[in-house]
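Each in structure tokens, the structures are laid out below.
Next come two complexes built around subunit A: one with subunit B, the other with subunit C.
Moving on to the complex of A and B:
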């Protein structure tokens, strides 16, 4: 199969250059989602607050039950005009359509990650036995102290593998940001390919790019997992 | 801004539903062929051939790192060229669903092979030994003793994979397949971009029902199978 090797190499550098955008999309969304996801996990774990619990449950179900493409299309088709209408109604001196589309990408991926992350947190918090909390309270810690010093460090250990999976999936999911004209790895290659119809070479570059980035993320998580699990009595293989 | 039109949202559903068949065909075809291929991968990974095992492991690792959309584009643009140059056959005119199937079979087989492998390994080897010792052939032991038990263990993860596949399958519209999302896009284009939110919400509702339906059916299957397990 004859490929345009010059183009292959050139585009590969282009794709490598867009890795920061992909990483930024992934980690900004992840960080922005963390507090909300934690709040949702806490709400769903408490027995009271039935209405609020039902609302967040509906949100999580919706986000997990619909394809992320639809969420992207939905938000990208509606949010700009809604914001514009708001700006016009209040006579705000801003032009929404001048904003960098990456903003909408952050919003979509954060909203999606909140739902997925809250499930990870919920199961992780559930894996810490109730006695831990009781023991911490008996020893004189406040509830907040108990969470920070006792519950969370233990929950994090069991959350790590799921967190790694979530991050990898999010990283792969950001490849859809091109639908919002964000110039991430996929978009850069797509644009480069469209000049000479060299799609195969371009997408092969993207594929290799993602394998590299994902490998780095997995290695980082491997070390993070070892770090948070360092007080475990029995080391897992 | 134009007010939201609930009428259109409900009105668009009957227009979308005829194309549900295409969406489901993508899922069902992929699950069937992908499971076969995934089973083959799992068998290779647990087999004795070291080289094949490394190849399978590398493949599974690579798929885990590949976004569906990139794989879809690689198959859609790359495969026709590959077939033309290597086999001298023109597959450019093939229906787009063929490329979608190939893509998702490649993508689905990797996680499903891991599901199958972990389910197989969760079954105590003594079960197989006991079966062989009472005179079953290795194949009989596998099909009548190990496989039914492994299926029950694999069900929850299998269901998750199917749901993920269903959601990823929605990407097929990007190469021009007219499934429900593709039809939705056509409807939106037909109205010059108006009614986008209404159409997408209708699509979201359909997908939500589908994923919940799959989830519930797998829970039901799991319940039925593990019930028979407990009685015996």
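Moving on to the complex of A and C:
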């Protein structure tokens, strides 16, 4: 097998240059999804709101039950037309077809992450011993204060491993953004390869790029988990 | 000081409390005894609204509320006049012993941090944990955890402390250290309501004993009367089963 080493190195730099795009896709979606995911988790934990609970449950089931590729294709082909129709109907002076496709990437990944993240939050909230909420109320805290100071800090700790998984899966999943012509790590390498059919080199570069980024994310999560969970790690006397 | 009247509580078809009255005056130590499922714990939890009673009223100093529709504002105020010690301690796992005691002062009552720290240390000293300020609950034994729970309760200087079977989850050899702390509080004249299965302790510490069965108060009175010459047959059987070998004046 003959590899074009010059191309290999050049493309590797290209791939490295696209890392910010991949990271932005990942973390903007993650941040945007967080409040919604938390709200869904809270709704599903309360016994009272049965109808709302069923609706969000259906949403979660739907998003988890469809391939993200399909979600991307659907949203990328349907949403612009819908928005355009709305804009025309209301005489809004915008042209949705001028919008940067990255916008749709954010929308898809956020919608998808909301569903997955809500499950992470739900199980994490369930892992905090319920009696602590009662103890907090008895200590004179309001429910909100109890969540902020007692429940959430502990839920965060037990959410960490799943959160790390989700982040890494999302990060790798953003490679599908090339379907929406977003120039992430995968897309730039594919484009570069297409000129001279150097696909093998390009894929190797992307592979290494993802390994590096994902490893860094994992290491960061490891330290974050140690930090937020330090009360669990103290040595028994 | 604290009076609850005609407390009813049901879960689905199951009536747990069938009209219970309790009066607690300042300085009283009321112990509530009775077999499992008699509604003792539910009664205690209704007293600070951890459970919502279905019926009944409460007079607590200047507060006069219906148990089933007290506003959350009143509930918050009444809770701040009380403190609760749980069977399973329910310490905040992410906080040190000292922070556990301070939470109610700093976050619940907006007290200055350094002042709260001073009070918190004093409370922990009192329960014999002066050397455990910076320990997390996971590093403490059950008895130590429960003593932190008691320190957390006394730190907020409540009008009444409610104890829900404070020693039931403890190893037998750790029970003593917790009971001694509670006895000390009784000596200082703290007002307390204690649900317990420790009969000897109940007899020692109580100023008033309530015996419950099947969601009702069967008999109540001063400890001597209840333990040594109970009138009701139900009380006698219970005591006979729990305290074999004790001579009763029956």
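Following the convention adopted for this analysis, the second predicted complex is superposed on the first by the 232 of 237 C-alpha atoms of A that agree within 3 Å, B and C clash if a C-alpha of one lies under 4 Å from a C-alpha of the other, contacts with A are read in each partner's own complex, and residues count from 1 in each chain.
Here is the rule we go by: a residue touches a chain if its C-beta (ideal position, glycine included) is under 8 Å from a C-beta of that chain, and two chains touch if they have at least 3 such contacts.
Keep in mind the model is a prediction, meaning the values are calculated, not measured.
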item: Subunit C versus subunit B, contacts on subunit A by residue; value: B
item: First, second, both or neither for A:153, with subunit B first and subunit C second; value: second
item: Contacts of A:207 with subunit B and subunit C, given as first, second, both or neither; value: first
item: Subunit B versus subunit C as contact partner of A:82, first or second or both or neither; value: first
item: Which of subunit B and subunit C A:93 touches, first, second, both or neither; value: neither
item: Touched partner set for A:68, first subunit B, second subunit C, both or neither; value: first
item: Contacts of A:48 with subunit B and subunit C, given as first, second, both or neither; value: neither
item: Of all residues in subunit A, those that touch subunit C in their complex; value: 129, 131-132, 134-142, 145, 149-150, 153-154, 157, 231-232, 234-237
item: Partner subunit A, residues of subunit C touching it in the complex; value: 48, 50, 76, 79-80, 82-84, 86, 88, 90-96, 103-104, 107-109, 135-136, 138-139, 152, 156
item: Touch list for subunit A against partner subunit B, complex; value: 1-2, 61-62, 64-71, 73-74, 77-78, 81-82, 84-85, 168, 172-173, 175-176, 186, 190, 199-200, 203-204, 206-207, 210-211, 213-215
item: Partner subunit A, residues of subunit B touching it in the complex; value: 1, 62, 64-71, 73-74, 77-78, 81-82, 85-86, 166-171, 173, 181, 193, 196-197, 200-201, 203-204, 207-208, 211-212
